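Input: a single structure, listed below in structure tokens.
Chain naming follows the written order as A, B, C and D, and within any one chain the residues start at number 1.
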Amino acid sequence: MRMEFVLEIARVVLYVVGILAFVGFNASYLVLLERKGSARFQLRHGPTEVGPFGLIQPVADAVKLLCKQILIPKNVDVILFFMAPILVLLPAILCMVTIPFGATIAARNFNLGLLMVFAFAAFNVFGILIGGWASHNKYANLAAARVVAQNIAYEIPTLLIVVAVVMVTGTFNLQEIVAQQAGGFWRWNILRLDLNPLQPVAFLMYFICLLAETNRAPFDMVEAESELVAGAYTEYSGMTFGVFFMAEYTNIVLGCCVATVLFLGGWQCPFGLVPGPHWFLLKMYALCFTVIWVRWSFPRVQFYNLLNLSWKILIPVSLANIILTALMLKVF
Amino acid sequence: MRNTIQEIISGAYSLAVGMKITICNLFRPTVTLHYPHESATMPARFRGHVELACDPETGKPKCVVCMACQRACPSGCISLDGQKSESGKGKVLTAYSLDFSLCSLCGLCVESCKFDALRFSKQYNLAFTRREECTFNLLERAQVKK
Amino acid sequence: MSLSAIKQKLAEIAVRSADAASPVPLAVDTAHAVRGTDLDVTVPPERVTDAARVLDEAAFMLESITGVDFIAEGQMEVVYDYTFTASGERVAIRARVPRAKPELPTVCGIHPGANWHERETHDFFGIVFTGHPDLIPLLLPEDADFHPLRKDYGA
Amino acid sequence: MSLDVQNLDRETFVVNLGPQHPATHGVLRIKLTMDGEYIVDAEPVLGYIHRMHEKMGENRSYAKFLPNMGRMDYVAALFNSHGYVAAVERLAGITVPERAEFIRVITCELNRVASHLLWLGAYLIDLGGFTPMLYAFDDREMILDLLEAVTGARLTFCYFRFGGVANDVDENFVSGTRVFVARMRSRMPMYEAFVSKNIIFRKRCEGIGVISAETCRRYGATGPVIRGSGVAYDVRKAEPYSAYPRFQFNVAVSDLCDNMGRYRVRVDEIVESLRIIEQAIDQLPGGPVMAEKVPRSLKPPKGDCYFNVESARGSFGVRVVSDATENAYRLKLRSPCLSNLHLFRECSRGMLLPDALAMLGSLDLVIPDIDR
């Protein structure tokens, strides 16, 4: 009994540290990947000076951000101002708890894991709204208002797509969803055309929603630097901005993790070799790279086209997707 | 309805083409110079700040103190001084200072010089921490270079 | 409207020469290659709006307004440069105002684009365009009370 | 998407866009009165980088003013030099040798391509796309290298002189230009696929920022702005100057009147400029590049004259008034950007902020050119 208790404590500590390290590592090294990637997309070098190939650049960045003064503008609602970055980052970290990195590697194996992810993921919009509002800056206010409209618009198709997947899998348990996709890439949900011929389209739509939900270019209304200076982050400096930045990348990682679990078979091997966490990470980082790739390929969409895309295209198609899935389930 | 579908498909295609272009560029060699490790070679006519050209035989500046450059300078950044040469013929340059903080690198001074005594240096990455450092003593520079 | 028709209309507006015996209007045909304009008309300052209206009806475009300070003559000249976008003909309208009281009516109502040009000319020369909706400094600081392009302004 | 600003009874607020806003490309300030994201009124406030070039032109000799002309529209510095030099030449009656005119045309057109490429990149940044700018800069770099080898500078060229050009071009320049023309031609399909056809870009340009031809005329807007509204007004054709009448080229026009129209005009203009460069290189005559007997201190006869050139941004005009002394009596510089920006206030009413900024970008403003 006592031994079990100690083991459980050790397990919890291990996972807390592990997840925090994972989040911190990803946030810093995805920034590096973004900088390096964007540089290579644009025929430049990117950071090269700190460490070999600039590999220690994230450390330098972190030190710089930590050393910077945190400016608090006049008329700012200080409590909300500082609460906002934490409110954005924390839910994203919390969601990591349920992600199954491998058959046995998951902090908690919930039955309602998927539900929890989306419940917490919806929080980040509060953070940005509060941050933008508390900043007492017109650009930040405009950006905050945009972000709320954008997140509401994209929450709906995301959930509709996920519902269709859940109808196929019949469970909210992420570990189980992965387990069902064993046996090769044709068993992955993205290619289960026998269950629903629209599945690849659903994945694509999920990916678009992922970009919009994480406020990534071409849907980066929250920053929109050529329109709103730095949007909701305009007044944030030093590490407060750093936390927003971390949150952005953590959200991307989370979104990609969920996409991997739901559509790409999680830690399963595509062609019957040894499954394991390496497959999960490979798929997840491939998705992250695609997110970066998309960002450096396109201009930003207009705000109303962004909403049009959601309300006029994504939502109707995802509804059709649900109906089709239901029909297929009923018929076959 | 049909137009919308057509637009979605053609739009998605255009986005795919865009992504293809960027991914192709990912594997191309970079076009930028890796600055502190490599630096660009300046073309022969590059207009840097001016420097005095010396006679290859005597090693002395070719300048005859005709003041044409001082007159030609739109910003008034050139000041020079000379004294009668010992042989009694012509003048010898004793001081030539260029206030680089005023210089607009237009090159009118070099153009005005009939004796090829001025030329452009190839230095392009000049930086100073104090204003006084912007005033170059070109005579000294010419001697140091030699 | 052909250039000769415009010339005729502008000639009616133009300043008559001082020679009382033969009051010839001061509308000058100039060679484009030599002076850059096809027609150069001096009008009385109060009639610049009439000239502007004639050119506006002919679909000319107002390119710029500028002043020249002729301090020796105690006058300032305001030059309006027009161009015709279809064929590239140019007309310059000039008006001379006394330096002591440099005032002439605005052409903003006819060419909205004149707004900034007139503000600029007011900045630099202190020429007042009466009836201008918003004659505040454009390029100079908003509290500027000097007119740098006047010849008696010490640089 | 637009708002009826006439019948507005709601609360509005004021936003100071600039002078350090990323979309204003320098130090332009626009006082926006907004209702939500709709613009009720946009009043540009100018003069942050005003240097009074016109006064400088009056208190120094004609030759000493030459470097200033690279500092007005620094993105397309050669056009300003060309306008000024040609105006003084016209007044002083100097004939420029044929070779010099050809070199002027070649370098100017290279500069136009460079300027349009810079615009293309900057415009995409306005729209939130970063990568096309670097591709455009890659191409522009080649032009700058060519021009640097000839003029000695990369931005503030100061290359034209009264009666010709400062120094002759060599064989390297000729062959390098040929290589560049070929390369640029091969790059155009990439830009078309990457930028013009991109659905997001099209959505941001098509039907957005409509400026009618009549508005252009009333405000004196020229260059790609008026040509993007369907008026084929190009100074190179309307008042042929320099060696332009010798070459075959079309005036790029688009009657779309929107951002896309202006974009198309500029892209088509790059192609036309390449045509001109190619012809000029092929026909480049020999001979001197400076007119003989141009006095060192130029004193044009008393009088005034006007000269305008087609700069990359529109019609750039110079009015020189001479009193037969060493210095100009009056020098008026007509900048195309001033008039192009002027119509922004009228046209942006009722637009959404991002659309208005997209339109602002499509006007291709260079603030030092406006403020002079």
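Going forward, a contact is a pair of C-beta atoms (placed from the backbone, for glycine too) under 8 Å apart; a residue touches a chain by one contact, two chains touch by 3 or more.
If you're wondering where the values come from, they're calculated on a predicted model, not measured in any experiment.
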Chains touching both subunit C and subunit D, listed by label: none
Chain whose Cα centroid lies at the greatest distance from that of subunit D: A
Interface with the most contact pairs, given as the two chains involved: C-D
Euclidean distance of C-alpha centroids - subunit A vs subunit C, Å: 63
Separation of subunit B from subunit D, taking each centre as the mean of its C-alpha atoms, in whole Å: 25
Where subunit B and subunit C are represented by their mean Cα positions, the distance between them in whole Å: 43
Junction residues of subunit D - those touching two or more other chains: 131, 135, 138, 198, 200
Shared interface positions of subunit A, touching two or more other chains: 41-44, 296-298
Interchain contacts, given as pairs of chains that touch: A-B, A-D, B-D, C-D
Parts of subunit A lying in touch with subunit D, wherever the complex brings them together: 38, 41-44, 138-139, 142, 145-146, 217-218, 220, 224-229, 296-305
Contact footprint of subunit B on subunit A as seen in their complex: 37, 39-45, 48, 293-294, 296-298, 313
Touching residues on subunit C, where the partner in the complex is subunit D: 32-37, 59, 61-64, 66, 68-69, 79, 81, 83, 85-88, 90, 92, 111-113, 115-117, 120, 124, 137-141, 148-149, 155
Subunit D-touching residues of subunit B, taken from the complex the two chains share: 7, 10-12, 14-15, 17-18, 21-22, 25, 31, 43-47, 72-74, 104-108, 111, 120
Subunit C partner contacts - residues on subunit D that touch it in the complex: 46-47, 50, 52, 54-55, 58-59, 87, 90, 217-222, 226, 231, 233, 235, 237-239, 303-308, 315, 317, 319, 321, 329-330, 332, 334, 338-339, 342-343, 346, 371-372
